Amino acid sequence: MGSKFEPKVVAFCCWWCAYGAADLAGISKLTYPASVRIVRVPCSGRIDALHILKAFRAGADGVIVAGCLKDGGCHYVDGNMKAERRVKALKKALDSVGIGSERLEMYFLSAGMPDKFVEYTTEFARRIEQLGPVGLEVKQA
Amino acid sequence: MTTIATLSLSGDAGCHVILASLHEKLIKLLEPHELVFCQILKDSRTIPDPVDLTLVEGSVRTEYDRERLREARARTKTFVAIGSCACFGGIQSLCNVLDRQELMRETYGAMAPETSLPRGDLPEVLPKNLPVHEVVNVDFSIPGCPPESDEVASCLQAILSGGTPQLSLKNVCDECKKERKGKLEAKIRRLTERPTDLDRCLLELGYVCMGPATRAGCQAKCLAANVPCEGCRGPADQKYDQGVAMLDALTSAGRDAISVYSLATMSAMYHRYSFATSILAKLFERK
Amino acid sequence: MSSRKPRIGVFVCHCGLNIAKSVDVKALREYASKMDGVACAVDYEFMCSETGQGLIKDSIKKHELNRVVVASCSPKLHELTFRRVLSEAGLNPFLLEMANIREQCSWAYLFEPEKATEKARHIVRSSIERSKFLQEIGEKEEPVKPSALVVGAGLAGIHAALGLADHGFQVYVIEKSPFVGGNAARLGNVFPTEDCGICIAPYSSEVHRKCLYKQQFVNNPLIKLYTLSRLKSLSGYVGNFRARVEQAPRHVDEKLCVDCGKCATACPVEVPNEYDLGLSRRKAVYLPLLQATPHAYVIDDSTCTRCGKCVEICPTKAINLEQKPSIIDLDVGTIVVAVGCEEFQPEGLFNFGKNEDVITQLKLARMLDQRSGEDIFRLSDGKPARRIVMIQCVGSRDKATHAYCSKICCMIALKHARTLKKMNPEVDITICYKDIRLPGRNYERYYTDCQELGVKFLWGDVTTIQENPDRSLRLGVGLATGGTASLEADLVVLSSAIVLSKETLELSRILNLTLSPDGFFMEQHPKLAPIDTNIDGIYICGTCQGPKDMPETIDQAMGTVAHAAIPMIAGKIKVDLAKAFVDEDLCIGCANCAAVCPYSAIEMTSGGTARVIEAVCKGCGICVAECPALAIQLRHYDDRQVLAAVEGILAEE
Amino acid sequence: MDAGELTIEPVTRIEGHSRVTILLEKKKVKGARFNIVESPRFFEKLLEGKFAEEAPRITQRICGVCPVAHHLASVKAVEAAWDCSPPEAAINLRRLMLVGQLISSHSLHLGFLALPDLLDLDDRSILGIAQRDPKLASSIFKLNRFGLRITEAVGGRAVHPVSAIPGGMSKPLEGELRDELLVTGKECMGMAYNLADLLDETGDNRRELIRCFDLGRTRYLSLTSDGQYELYDGKVAVLNPSGKKEIEFEPKDYSDHIAEKTIPHSYAKHPYLRRFGYPAGIYRVGPLARLNMTARATAGRVAEHVMSLAKRFGRPAHNTFAYDHARAIELVHAVEQALDMLTDPAIETNDVFVRAQPREGRGVGIVEAPRGLLIHDYRTDSDGLVTKANIVTPTTQNTPSIESETLRLASSLFPHAAGHVQEMLSRIEILIRAYDPCLTCSTHFVELRRSA
C-alpha cells in the first residue's frame, strides 16, 4: 500500500499523575501521535507483567508505563518504583522473546506536566515507528 | 459399563506408571468397566469407535501425535487430559523458543562419524510442542508431573460415576509444612546449596519456589524433601500464567533474577511445565 | 445483575462543539451501536446537562441496561456525576465506564477529524469491552471510636489535645519524657510576642493568661496524660486503632507528691540537668524546673543508686523504688502525631564539642533564661562574654548535612542578639549569614531593631576557627562580597539545624508513616493535604512534619483537630468496596502483599491467610501485581477488566 | 502373500511408540525395520542455558519408568563437571534409590508386560493375571509398590524423585521410613523368590518358544567394579561374545569408545563400538549384560538361579529370553540388597550434603538403569549453566540388536509361518518386549558436538 506504518502504542497511565497529564495536554490543546492509546489504571504499581505481555500479544507494537514522579510523587507512596523494577525485568524478558526491550518504556511525570507527556509519547511513538511492526500474530478475538 | 481408552502422545509414560501403580485399586476400578485400548497394558492396536472415556497422556509434538489425538477425540465422549504434558505442554515445551529446523539439525545433524537426518516414513515434527487442549476440546484435566495416584484414582472414580473430578483450588504452600516468617531475603539462591534452615520457607530463603503459584494436592512432597517446588501441577486457576505471576512477585520483592539470568535460564524455573501455555511463549508466535 | 448478559448503553456526548467539532459523533454512535452487547447508543449535545442525564436514566429503564458507557470528557470531571445518575436510575454506580474522548481525543486532534474519530472509536471500544466485566460494588460502614491518641506533648501535641478535648472527645496523650512542654519549654522568651515559652496561652483561653501546663492540660477531665511513655505497636485502622503503650516507672506517685522537695535534698546523687543542657545540676530524684508539669518529682532510673534515702524521708510515702514498667492498650479512633524535633548537634563543625565556648542557640537560650545580671559568661572560664559571633545555617542548606532551610534559626539568632544588646549595649555581636530569611508577620521588626541596636551582619562563610592563648576565638570569614575578614569572639553561637530524632524513625515504622526524602514525616500532599498522612486517621502537626515556628505549629495542630474530628463527629466512616480482596483458597499466607501495601491495609489472619481491611485499603492494586498466588484482585481493576480494556483498545476493526 | 509389508503398529506392552515393518519379497523376508515413531523431545537442547543443578530434576522427565536412573546419572554428571564429591552417606542413599528403581521397574515389566505372554494367557494383560492368579498379581503389586516406596522414602516422590542435588542429597532417610521399608522388604523377599522360580519354570515349560529366541551372539556392555555387579559406580566393561572382557574404560572416556549413527527410519540413533565399526560393533546392555559381566554370583538363591540360567543358555547367555529370567534374578538380588542396606544403621546418617560450587567443566555420569547403561554428559560454564548435553539411553543401545534380531526371527519363522502370520508377529512382539524397550527414553540419543 505504501502507506506509512502506523504503530499501536498502549500507554498505561496512572490515574493520579500520568492520566491527569494526558488530560491537561488535551486541555492545553497539545497534540501527540494518535497511535498512543491510553489505558487507565489506579497506580502504575497495579500493572502486572501479564498486562504488558498481553498488550504485546494483542497487537501492541510498543508499551508505555507512565507513573508519578520519583522521590515521593506517587500518590500511593512507591507504586511507581515497584512498577519501574517490573519494567526493568520485563525489558530483559522482551529481549529474550525477540520483541526487544526498546518497545517497553517507563516514564515518570506529574499531573502538571502535559508538555512532558507530549514529549515522551511523541518520542516513543517515533521510536516504534522506526522499529516497525513487532511482527506478532494478532490474537484472534 | 464404560469403555475406557488411554492414549499416550509425546511424554515419558509417567502417567501410565501412576495408573499402573494404582494396583489393586486399578483392577477394582476397571472391574465393572472395560479397558478397550491401552497400548502399554493391552494388545489392542486401535481405539474403538465409539469409546466412552479416553485418558490422554503427553503433548502434541509430531503430526502423528496430532492425528492420533484428533482421531481419539472424534471417537470419544469424555476426554480427559492427564499429566502436565497433556495439560500445559510439559517440560518439552521449553524447546518452543527454539527453531524446529535448528533443533532437528543439531539433534541429528553434526554427528560423528556418519551423518544423515531421519527421513522416510517418520512423522513430521510440528513447529512447537502443544498441550492437548490447543488441538482438541478437553472435558477434564488432571495436572501433575506425574499426577498424584490418589488424585488420579478419585478423579477417575468421579468421572466413571458421572460426576466432576474435584481438584484442589489451593496452592502448594497451603500444604507445605515449612515456616514462613513474612520476611523475604533479597538474595537469589540456587540449589547448589541445600537450605541452611530446613524448617524455613524456601521462597523466603531466596530459592525460586513455585509453591505460591502452583495447584495444591501433592502434599508439598518436594518441599518436605527440602527441594523447591517446580510448579509441575500448573496454576490453581488455569486461566493464570503461573510463571508471570512469580516473575511479578519476585521482581518487586527486589529479587529480579530475570534481570540477572536470561529468559532461557529462568523459563525453566518459572515455566518448567507450563511454558507452552505461557504468555511469553505466545509472544514467540511471529507472523 | 452483573452476572447477567451485558446490556450496554453507549452515550456519546458532543460537548457542544468541543467533541463534535473534530469527532464525527454520529459515526461514533453508529459504530458503537453495532458492537456486541450494546443495547442502545445515543448521542446528545451535553450529556452532563439535566436533559442529558435524563436521557441516560430513561434509556436505562427503557432498554433494561445493566452497563453504561459515557463517551465524553475526562472521568476526572464527571465520573461522580454520572455515577450518581446510575444510582438514581437504580443501577449500581460502578457499572459506569467513561470513555474520555475529549481531553484525550477531540482536543488533542482538533484539526484532524479523521484521526480524532478513529481514535475515539478505539477509546469507546475499549470502554465497551471493559464495561462487560464491570461488577456491582457496594459500600459498608465502620464505626469510629470517639477518642484520640496524641503522640508527643510539646507545643503541637498540647494544642491538638486541648482542641480535641474541647470537642468533647476522650484524648490520650503520650510523652516520652517525664514532663510535658517539649522544646518550646526550653526556649525562654519566644518571638514574636516575647513572652515565656512555657506559659503561652492557647488562642481560645480566657482573657487573662494562665500557665497552660499547670491549669488546662492537667485539669482537663477528658485528657489523660501518660509521661515516660512510648508507642510500642499499633494495629487497626481509622476509627478502630489499638495502640500499645509502654510506660516507664516514675517511682513517685503523682497524686501523693506534694512537691516538698525533701527527697531531692536527701538524694546523694547529683548529675547535670539535661533540661538546661547541663548548665545546672539536679539530683537523681528531681523536678527539672519549678513550673514542670506534671508537678511531681521523678526518679531517674539510670542514675538512682537505690539507696532508699528518699523513700525514708518522703512525708506522703509517694515514692516506690520497685515500680515496674507497665503496658497500656489504648483504643482510639484517630491519632495525631506531634513528636517534634531536635536541634542538630554539629559535632566537629566550628570546633563544636571541642571548645566549650562554641555553643548552639538552644544553649544560649538556656543561658539567657537563667541570667541574673547584665552579662552572660564564657563557659570555659566564667569571664563575661563581650564579643559574641553567631554563625547561621549550621547543618542547614548544606548538602553535606541537610539540604533544607531550618526556617527558624534566623529569627532565633535575631531574638537572642536583640535580647543581649538590650541587656548590655556594650556587647559586640556579629552575625555571619548566608541569607537572612524573615518571612513571618512582625518578624522584620527584629531585623530593624538589631540594626538599630548595633548588631553587625557579616555576609559570608566562616572558614577557620582558632583558639587564642587567652581562650578567646579567632574566626576567619570568607566574605560573599569578596575578600576575607577576621573576627575575635568570647562566645561562638551556632544556629544549628532542626532535625528529627533517631527514635522517630522507629516510630514511623510502628505507625507505617512514610518519611519524605529530607527525613521528616511525609504529608499526604504538600499543598492540598499538609496534615494528612498516607494512613487514614493519622494526622501530623508541628516540627515533625518539617521546620516551622510556633504560630505555624499551632496552625497545624488546630488543623489536625479539625481533621481528626471529622470521622469522630460522624461516628462512622463510609467505605466503598472498590478495594482489593483476597481469595482465601488461593492465598498461601506469604505476606508479600502485607509487606508491599503502603497503607498496612492487609493483615494476616489466624488462619494464615491475608485479609484486606477495606477501611484502610486505598485501591492502588500494588498488592495484586505482587501476589505470586494470584489470590488478590482489586475490585473495579481486576485482571479481566484491565485486560479487556487493553485488548479492546488494540482490537482490529 | 508374495510381496509386501507386514506391520505391527503400535507394538504393545512396551513404553513408547514403535512400529515393526517386515518387508516381503518372493515369499521371503527381505528386511525388517524397527521404527521408533515416538516423538523426539530434544532434552539435550532443552538443557542448554539452564542451571545444571536443575538438570537432575529436568532430565528425569525423559522417562517415567526409570526416572531415578536419569536423576542420578544427571546429578553424577553435574558433580563430575563441578568436581564435587558427595558424602558416603549420600551415595548409600542413591544406591538404595537405584535398587528401588530396579525393583519397581522390573516388577512392572515382568508383571504387566512380559508374564502375560509367558503364561500364555487369554487376556494378555495384568488384568488377565489378576483373573487367573490373583496371588501372583498381588505379589507383583507388592513388589512394585515396595520399589516405588523406596524411591519415595529416599527421593521424596515415588515417580520423579527430587532429593539428589549436586553435593549429595537434600534429605536423609527418616528412621520411621526405614523401619517401614524393612518390614515390607522382608514380606517382599519371598515374593521375589517365587517370581524368579516362576521364570525358571517358564524356561522349562516353554522350550519351543524360547528356542526361537536363539538369534545370535553379541557383545555386552555394563558397569562393573572389579568384576563385581555394580549399578552406581565403577568402570564400563565390554564383554565379547565368548565371555571375555575386551575393553574396560572410565565413564568419562565413553565417547572414545562409543559412536552413534543416525538411522533414516528412526528418531533414535544406533550406537556401536568404534573399534569394531558399524554394524559389527553393536552391543547389548541391560539385565543380561550385567549378569553376563558378573564374574561370580555369591551364595544363596541368586547363585542358584545364575547357575540355572547358565545351564540353560550357557555362559555368557545369548538367548534373548534370558533377559526376562535375568530380570527376575536381578529382582531377587535387588530386594536382598535393599534389605542389606536398610539393615545397616549407617543408612540413617544425617550428613548427606556438601556445598557444590558451580564452575566451568565437563562431567559424565553413568549409572545402570533397569534397562542398562545410561550416560549423561554435560558441559557447564563458569556460572554453572549447561552449555552442552549428551544423553545416551539403554534402549538406544539395544535398538540395533532389536532390529537385527527381528529380521532374523522373521526370516527363520516365515517359511513355516504361512497361515500363521499372527503367531509370527506375536513372537516378534514377545522378542521386542524381552528387551523391555523404553522408547520414551530412546529418542533422546544425541551428540551435540556442533561443528565449529
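Going by the order they are written in, the chains are A, B, C and D; count residues from 1 in each one.
Rule of thumb we're sticking to: a contact is a pair of C-beta atoms (placed from the backbone, for glycine too) under 8 Å apart; a residue touches a chain by one contact, two chains touch by 3 or more.
Please read all numbers here as calculations on a predicted model, not as lab measurements.
K.L.:
Using mean CA coordinates as chain centres, what's the gap between chain B and chain C in Å?
P.N.:
Averaging C-alpha atoms per chain gives centres 53 Å apart.
K.L.:
Could you grab the centroid distance between chain B and chain D? Build each centroid from C-alpha atoms only and quote it in angstrom.
P.N.:
For chain B versus chain D, the centre distance works out to 25 Å.
K.L.:
I'd like to verify one number: the distance from the centre of chain A to the centre of chain B, where each centre is the average of its C-alpha atoms, in whole angstrom.
P.N.:
35
K.L.:
Please report how many Å separate the Cα centroid of chain A from that of chain C, as a whole number.
P.N.:
33
K.L.:
Going by the contact rule already set, what residues in chain A reach two or more other chains?
P.N.:
Each of 45, 48-50, 54, 82, 86, 139 in chain A touches at least two other chains.
K.L.:
Counting only residues that touch at least two other chains, what does the list for chain C look like?
P.N.:
Within chain C, residues 596, 622, 625-626 contact more than one other chain.
K.L.:
Got the chain D residues that touch at least 2 other chains?
P.N.:
none
K.L.:
Please categorise the chain-chain contact pattern as a line, ring, star, complete graph or other.
P.N.:
It is other, because the touches fit no line, ring, star or complete pattern.
K.L.:
Name the touching chain pairs, would you?
P.N.:
Chain pairs that touch: A-B, A-C, B-C, B-D.
K.L.:
Show which residues of chain B lie in contact with chain A when the two form their complex.
P.N.:
Going by the criterion above, the answer is residues 97, 241, 244-245, 247-248, 251-252, 254, 256, 258-259, 262-264, 279-280, 282-287.
K.L.:
Show which residues of chain B lie in contact with chain D when the two form their complex.
P.N.:
Residues 8-18, 20-21, 23-24, 27, 30, 35, 39-45, 61-62, 64-65, 90-92, 94-95, 98, 103, 106-108, 110-123, 125, 129, 145-146, 149, 190-194, 221-222, 224-227, 230, 232, 261-262, 264-265, 268-269, 272 of chain B touch chain D in their complex.
K.L.:
Considering only the defined contacts, which chain C positions touch chain A in the complex?
P.N.:
74-76, 100, 102-110, 112, 115-116, 118-119, 122-123, 126, 514, 516-517, 522, 534, 596, 598, 618-622, 624-626, 634, 637, 639, 642-643, 645-647, 649-652
K.L.:
Of all residues in chain A, which touch chain C in the complex?
P.N.:
8, 10, 19-20, 22-27, 29-32, 34, 37-43, 45-51, 54-55, 58-60, 71-72, 75-79, 82, 86, 138-139, 141
K.L.:
Residue numbers of chain A touching chain B in their complex, please.
P.N.:
Going through chain A, the ones touching chain B are 45, 48-50, 53-54, 56-57, 82, 85-86, 88-89, 92-99, 135-137, 139.
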